[in-house]
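Some structures to go through are shown next.
In the two assemblies presented below, subunit A is common to both, partnered first by subunit B and then by subunit C.
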Partner chain A sequence: MSGTGARENIFATRMALTNTKLRLKGAQTGHSLLAKKRDALTTRFRAILRKVDEAKRKMGRVMQLASFSMAEVTYATGDISYLVQEQAKQATFRVKTKQENVSGVVLPTFEVDRVPGSDFNLTGLGRGGQQVLKAKEVYAKAIETLVELASLQTAFTILDEVIRATNRRVNAIEHVVMPRLENTIKYIISELDEMDREEFFRLKKVQGKKKRDNAAAEAQRLADAAERGEEPQEDEPEAEATEDLLSSKDNDVIF
Partner chain B sequence: MTTSFKNRNLLAVIGDEDSITGLLLAGIGHINEHQKNFLVVDSKTQVSTIEAAFQEFTERKDIAILLINQHIAEKIRPTVDKYSQAFPSLLEIPSKDHPYDPSKDSILKRVQKLFGE
Partner chain C sequence: MEALFFNVDTGFLEAIVRGYKAGILTQSQYANLTQCETLEDFRTQLSATDYGNFLANEPTPLSTVTIADKATQILVDQFNYLRSNAVEPLSKFLDYITYAYMIDNVVLLITGTLHERDTHELLDRCHPLGVFDTMPALCVATNVEELYQSVLVETPLAPYFRGCLSASDLDDLNIEIIRNTVYKAYLEDFYQFCATLGSPTTDVMQRILAFEADRRTVNITINSFGTDLTKEDRAKLFPAIGRLFPEGNNALAKADDIDQVRIVCENVGEYRAFFDGSSNSGANGHGDDAGFATQLEDRFFHTEVHLNKLAFLQQFQYGVFYSYMKLKEQEIRNLTWIAECIAQDAKDRIQDFIPIF
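This part shows the complex of A and B:
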């Protein structure tokens, strides 16, 4: 018996065999679909990986520039950090989130959403106003880069997670579900064969018994006939019964 | 996981004074009654304060991106490395005194690992 490996605990019937075969087919389809999904995601993932790497390096440069312009401001205006921290009220630099769909996975992307106006209209009014304005612009540019990087990174995190889940599913189907179904099918087939053989054996046994009984009955009859001193003459009708059907024309047969 | 990003539109910062000032100048500062979206870290700031701010910013529902200076992220590195949520997305940024070191970035570390290096 194919009792090797895990199989499902079902009763071996032809219907169960059909069902299991259908399920195996379903599992194979699902497996190939998931594998395709995984490939699509991985392609996307690789592209994003490269971009993340680039963007991170770019961010390093941009932030350096921004720090430099901040230093200019400090040189021209003096320390404005306290002032700025106290005057910040409402964010004018916000992000909007949009969605993008990559083979059934929703990836958010951030977009810069700037509201005109500023909390810092008076900063640098006395001196260094130009530097402050410049720093503002440079930092805004830097944050744009950061936002871009953030969407890449979010996509990276989500894709990473989804790819892992998909991989788990692909492997589960390949190494657990499909072998189990195959084992079940093997088991059912072997059980059915076994039943067939049993049935055949049973029929043979029955026939053997019948033959024996018939022989016994015949012997009995012969014995009885011998006792009465007669010759058995009842072979004739039996011979008629086994006559060839094709040679005789039956009236009921129309064509 | 991906359902709760509609209302997120703010940026938050944990950083040193200069970085914060610059970012605020660009207009990311947002203060309402009892909470602000930035934390100024100097040499006297306790690690526990940074941790608390990090927790607060990552749990707030209106923050899309959390920026943190890399040298500050170093101080709470275990927490940062453990952080794996998609939202808010965490970005380590360089500061004036500490140039960017890609080898320390928690995301880039994973990138490197995935490239098999």
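This part shows the complex of A and C:
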């Protein structure tokens, strides 16, 4: 008996055996597909990780430049923050979302959409306008880096999540589903063998019993004949004994 | 004859202002400041100068804004002392100095009113030198019409606004154009006022104001390239004084790129040097223009400092008061710049300030 591992609670029949074998095959296909997916995602994940690292370093530099250009503006014009805040009426820097498909995983990517022109292009007209423009450009670049980083970071988190889930599935199939199915198959096969052997043994027993019964009946007949003083007739029992056991329907045999 | 009676009214204040001037940071003090590693060192270095321990009660970490604010406060205190001791016509002259800041404050308040903000919080943002008695009243006005009719006409700036703007203009004109229009009126008025004070004040002040006007003209021209400011509107913003006026202004109003500005400015000997090195920028495309304009701004600052220093060479005139204010402003800008460079760890640019003495 295969009691070595978990198996499905199933009747050991040939039908069940065929079904289980089919399921095992399905599980194996699924396993190899998921493993491929996992590998593809991991490659992508590594690439993104590298890009995130680059983008973060770049952001540090760009942000420093940006805040320094702000210092230049302050040097040339003084505090312009309030004027700029009040005159900004519409966003000139927008972010669009698009979707990208990586092995069945939908990753959102953000894209920069800059509307030309601005509301405060006359700020610092009398003094420092060039610095204001420069600061605006530098900050726009800084935000571009930020947006890039944001889409990378989102992809990073989502991919991380998906890779974990896929890993779990791969492992589950490899270590739980497939062993169980294999165990079930072993169990069914061994049960079927066992049943074969039992059947064979029972047939032998039935045969033995029949033989004994026949022998007893023969002895009885001979004894009866001796009592009557008659010669025993050999012919009839001889014919009976050569009769095929399987060809006649016997009430003791159920199937 | 001017010099004979000058000291009766103004001798004391001139002595004071010349004393203040001696407190302006020197080259070696700047050298010390640029060696600082942190803003804490910066504070320590500054406490050895005339600034004293003006930052002593500030909690750490120091911000550059705090440094600028505190330094400005010292300047404001000095100015108020001068102003309260002054008599006519010096008091009037000092008032004129404050008008420039008032314009900024009023424009700030107008912006706030136009966007229906709570104008009270704006009062904190106003430059302390430009604060005037009726300024809080500007916050009472809820719409532009009211602001113009009842409040603005009460301020000392009323003639400038009345001369160039109507109430409806305030609604739809760009706020920067309003600011520059008013400033132009102010400069011209100040110029006229200095003319009434007689020599040598007139000589000193008109030279400084003419430069200021020319600087604005050139800046407005360069900054309006590539914007939707029309050439007619641009011409209206040019002050009608200065060495470029009138034929230079006319040419600048029609200029389309920085090379044309250069040609116009080469007609004036002093301004020729500003455009050195710009002649090859035209070939390199537009990218250099921006960099060059930044450089130009720096040269303007240099010349301004130079002219203001010259004002101290003459005695018995009011120019020293104006010059002192301007030099001190430049010094505050320098301090902010150095502090900013220290805070942001940008040591390679720390020398880009403009030393005064």
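FYI, the second predicted complex is superposed on the first by the 210 of 255 C-alpha atoms of A that agree within 3 Å, B and C clash if a C-alpha of one lies under 4 Å from a C-alpha of the other, contacts with A are read in each partner's own complex, and residues count from 1 in each chain.
Note that in this section a contact is a pair of C-beta atoms (placed from the backbone, for glycine too) under 8 Å apart; a residue touches a chain by one contact, two chains touch by 3 or more.
Because the structure is a prediction, the values reported are computed rather than measured.
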Partner contacting more residues of subunit A (subunit B vs subunit C): B
Contacts of A:K186 with subunit B and subunit C, given as first, second, both or neither: neither
Partner chain in contact with A:I143 - subunit B first, subunit C second, else both or neither: first
First (subunit B), second (subunit C), both or neither touched by A:R44: neither
First, second, both or neither for A:K21, with subunit B first and subunit C second: neither
Contacts of A:Q131 with subunit B and subunit C, given as first, second, both or neither: second
First (subunit B), second (subunit C), both or neither touched by A:I80: first
Footprint overlap on subunit A, comparing subunit B with subunit C: 64, 67, 71, 74, 123
Touch list for subunit C against partner subunit A, complex: 64, 108, 111-112, 114-115, 117, 122, 125, 174-177, 179-180, 183, 215-216, 219-220, 222-224, 227-229, 237, 290, 293-294, 297, 333, 336-337, 340-341, 344-346, 349
Residues of subunit A defined as touching subunit B within the complex: 49, 52-53, 56-57, 59-60, 63-64, 66-67, 69-71, 74, 80-81, 84-85, 88-97, 99, 106, 108, 110, 113-115, 118-120, 123, 132, 135-136, 138-140, 142-143, 146-147, 149-151, 153-154, 156-158, 160-161
In the complex, subunit A residues that touch subunit C: 64, 67-68, 71-72, 74-76, 79, 82-83, 86-87, 121-131, 133-134
In the complex with subunit A, residue positions of subunit B that touch it: 1-2, 5-6, 8-11, 17-31, 36-38, 40, 64-65, 67, 84-87, 89-91, 93-96, 99-100, 102, 105, 107-108, 110-111, 114-115
